[in-house]
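Labels for the chains are A, B and C, by order of writing; each one numbers its residues from 1.
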Amino acid sequence: MTHFVLIHGAWHTGEHWAPVAKRLEQLGHKVTAPTVLGHGKGVNKNVTHAQQIDDLVAQISKADLKDFALVGHSYGGTIISRLAEEIPDRIRRLVFWNAFVPLPGNSLDDETPPHYRALFKQLSDASADRTVTMPFPIWREAFVNDADEALAKSSYETLSSEPYQPLIDKLDLKRFYETKIPKSYLNCTEDIALPPGEWGWHPRMSSRLGLYRLVQMPGSHEVIFTNPVGLADKLVEAGRD
Amino acid sequence: MTHFVLIHGAWHTGEHWAPVAKRLEQLGHKVTAPTVLGHGKGVNKNVTHAQQIDDLVAQISKADLKDFALVGHSYGGTIISRLAEEIPDRIRRLVFWNAFVPLPGNSLDDETPPHYRALFKQLSDASADRTVTMPFPIWREAFVNDADEALAKSSYETLSSEPYQPLIDKLDLKRFYETKIPKSYLNCTEDIALPPGEWGWHPRMSSRLGLYRLVQMPGSHEVIFTNPVGLADKLVEAGRD
Amino acid sequence: MTHFVLIHGAWHTGEHWAPVAKRLEQLGHKVTAPTVLGHGKGVNKNVTHAQQIDDLVAQISKADLKDFALVGHSYGGTIISRLAEEIPDRIRRLVFWNAFVPLPGNSLDDETPPHYRALFKQLSDASADRTVTMPFPIWREAFVNDADEALAKSSYETLSSEPYQPLIDKLDLKRFYETKIPKSYLNCTEDIALPPGEWGWHPRMSSRLGLYRLVQMPGSHEVIFTNPVGLADKLVEAGRD
C-alpha cells in the first residue's frame, strides 16, 4: 500500500484527480489530493509560489501526513521540488509526471520556450486579475491531443484561469538538488504540451533528477482525462519502492 | 464522418491505400485516394513536382471535393504542403504521416541525409528514365522493418520506380508556412526510413508545423502493409476535429 | 527456424537467458547461450576482452556452429562486434539488444558517461579482485525500473561481480565497421541504463550500424527478468531474414 499525495498542474484543481484516486483506492492505496492556492473558479488569484508552498506545508503538517509518495504533474513539479526542501522527512518518493524540474534559480516560465513565455505574459496583461486563460486551440491540439472533440470540449470547461505570478517566481532549489529522496519520472509518450526535443519533458527534465526511475505510458499531457485508470496504474509503478 | 483524401508516398500509388480505405469506410468515413502523376508501372515518368500539383488540383476541383482531411505520407508531405497553398479553402485539416515538411525553398532531396541524396542521384543517373528504384535491402531493413520476410518481398513487388525530378524540385512554401489550416502529425515509432535523431521525422519535421496535434503508433514506415487497420484507426484520431 | 547464439551483458551469465531460450525453443528455434569468461560466481575474474573473444571463438569453432543469429546484450555488444571480425562466415545476422557499438578504438568504458566511468573505477579499486559490483540503488532505479520491489531484489541476488579490465580494453573494430553482415538493433523504450539523450542507446549506438533494422519493445534494460517471453518474441523479429 502506498499513500499518494497528488499535486495537480496549472489550470487544474485537486478535484481533477477524482477518477485517478478512485482507481488507486480500488487497488488498496490511499490518496490525498489538495488544491494548490489560487486554483479553481471563484477563488483569490493574487498568490505567490511561496504562499502556495506555505499553505501546502501547513495542510500536510496539520494532517500529519507521513511516508507518502508525492506526485507532481506539470506545474506541480515546481511544487513538489519545493516541498522536498521544506518537508523532506515526510516524503518517501518524489514522482514527476510530465512535470517541471526547474534548474536552480529558475521559474517555470524560464523553462518554457519563448513563444509560451510571450503568450503567458500577453494573456496575463490582458486579464483583469493577472491570470492566464488556456486558449482552446492549444488545449485541443497540444494538451488533449488523444481526446475526441467532445472530451476536448468538456474537459476544457473544467479548467480555471492560472495565476501568473507563481509562474514567474524564481525558485532557489539548491536543497532540492541535494536531496536523497528517491525519484521517478512518468513520461507520457505523446505529450507535446512542451514541444519534443530541445524543450521537451524527457529527457530534458527527467535527466535533472540524477538517479531516477523512468516509467512511460502512451498518451497526452492530459491522460488524467483520457485514461485516468491507466494513469493510476503507472503511478503505482512509479511510486512503489 | 470525415472525408479523407489520401496522398501516397514515393514508389507507391493510390491503390496501396485500399486496405486502409476499406477500414475507414467500415467506420463510416469517405475516402479518395488519387495517384500522383508519374507513379505506378508503365506510366510516363517525365514529370515535375509542379505538374503533379496541377494535376491533383484539377482532379480535386473537377470532383469539387470540399471540407476534407488531406493526408500525406512521406513524399506525400511535399504534395499536401503545396495543395494547402493552392486550394486552402477545400481543406479541413492537414495530416502528415511520417511525411516531409520541407523548409521554405527546399526540395525533398534537401531534407534527406547526404547518403540518401548520393544514392538517389546515382540510381537516377544509372536508370534509363531518370527514376530511382528502391533497393531491396533498404526496403527490407529500413522501410518494412516490422514485416516478416514474405511480406517484405511481396510488398516490394508492388513498388514502382520513382521519378527523380520531383524529388529535387525546389518548393517555395512561403504560403504554406502562413496557413491557418489545423495540422496533425502521425508518427510511427519504429520508422527509420529517415534515420532517427538529427535527420529524423519527429520532432524535426513535426515541429515545423507550429501548433499541431501529435498522434503516434508502433510500426515502420510501411504500416500501410504491416498494419493497415491500425493505421486507419490512427488516421481517424489525427484527422478528426 | 533461426539458431540464436545469445551473448549476455555485464553482471550476467549465459544461464540468465533460460526463460528466453525456453520461449524461443517453444517457437521452434535453436538456442546456444555461452557464458563469457570471467562471468558468474566463484570463477577467475582476472581476464581480458581478448581472452573472452578467444574462448568464445574456440567454443563456437569446436561446436562448429554456423549460420546463426548472434545476439549481444549491453556489454555483449562489444563481444559480438569482435566476433563479427573473427568468425564472420558463421554469422547470419547480428542483433544488438540495448548493446554497445563502440567506435573504432574505444573501450566500453569510453562509451559511458563520466559518472559511470568514475564509479566503475572507484568500485574496482575498492574491490579485492578488480571487479565492479552493481550497487542496488542503480540496479533498482535504472536497470530493472519496470520490476516490482520483490523482483528487483531477487534478480539482484543472481548478479555476479564484473571484471574491470575488459571494460577498459580498447577495441580496434575497423573490420567490424566494414562487415556486410546484416544487422538489427532491439531497443527497449524505457531502458535508462545509459541515460537517454546524448549518452543513450538509441539512436546513438544504433545509428553506428549503418543500414540496420530497428525493433522496439516496452521495458527496461532487464526485460530478461521482467518480460522474457516478450523479449524472445522481439528477438525473433530482430533475428529473422
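The rule is simple: a contact is a pair of C-beta atoms (placed from the backbone, for glycine too) under 8 Å apart; a residue touches a chain by one contact, two chains touch by 3 or more.
Quantities reported herein were computed from a predicted structural model and do not represent experimental measurements.
Colleague: Starting from the defined contact criterion, work out which chains touch chain A and chain B both, please.
Modeller: Touches both chain A and chain B: C.
Colleague: For the two copies chain C and chain B, is the contact made of the same residues on each side, with over half of the numbers shared, or of different residues?
Modeller: On the two sides of the chain C and chain B interface, the residue numbers are mostly different, under half being shared.
Colleague: Indicate the whole-number Å distance between the mean C-alpha point of chain B and the mean C-alpha point of chain C.
Modeller: Those two chain centres are 37 Å apart.
Colleague: Could you pull out the residues of chain C that touch at least 2 other chains?
Modeller: 189
Colleague: Within the complex, which stretch of chain B touches chain C?
Modeller: Going through chain B, the ones touching chain C are 137-138, 140-142, 145-146, 148-149, 189-190, 192, 195-197, 200, 218.
Colleague: Spell out the residues on chain C that touch chain B in their complex, using ranges where they run on.
Modeller: For chain C paired with chain B, touching residues are 182, 184, 189, 202-204, 206-207, 211-216, 237, 240-241.
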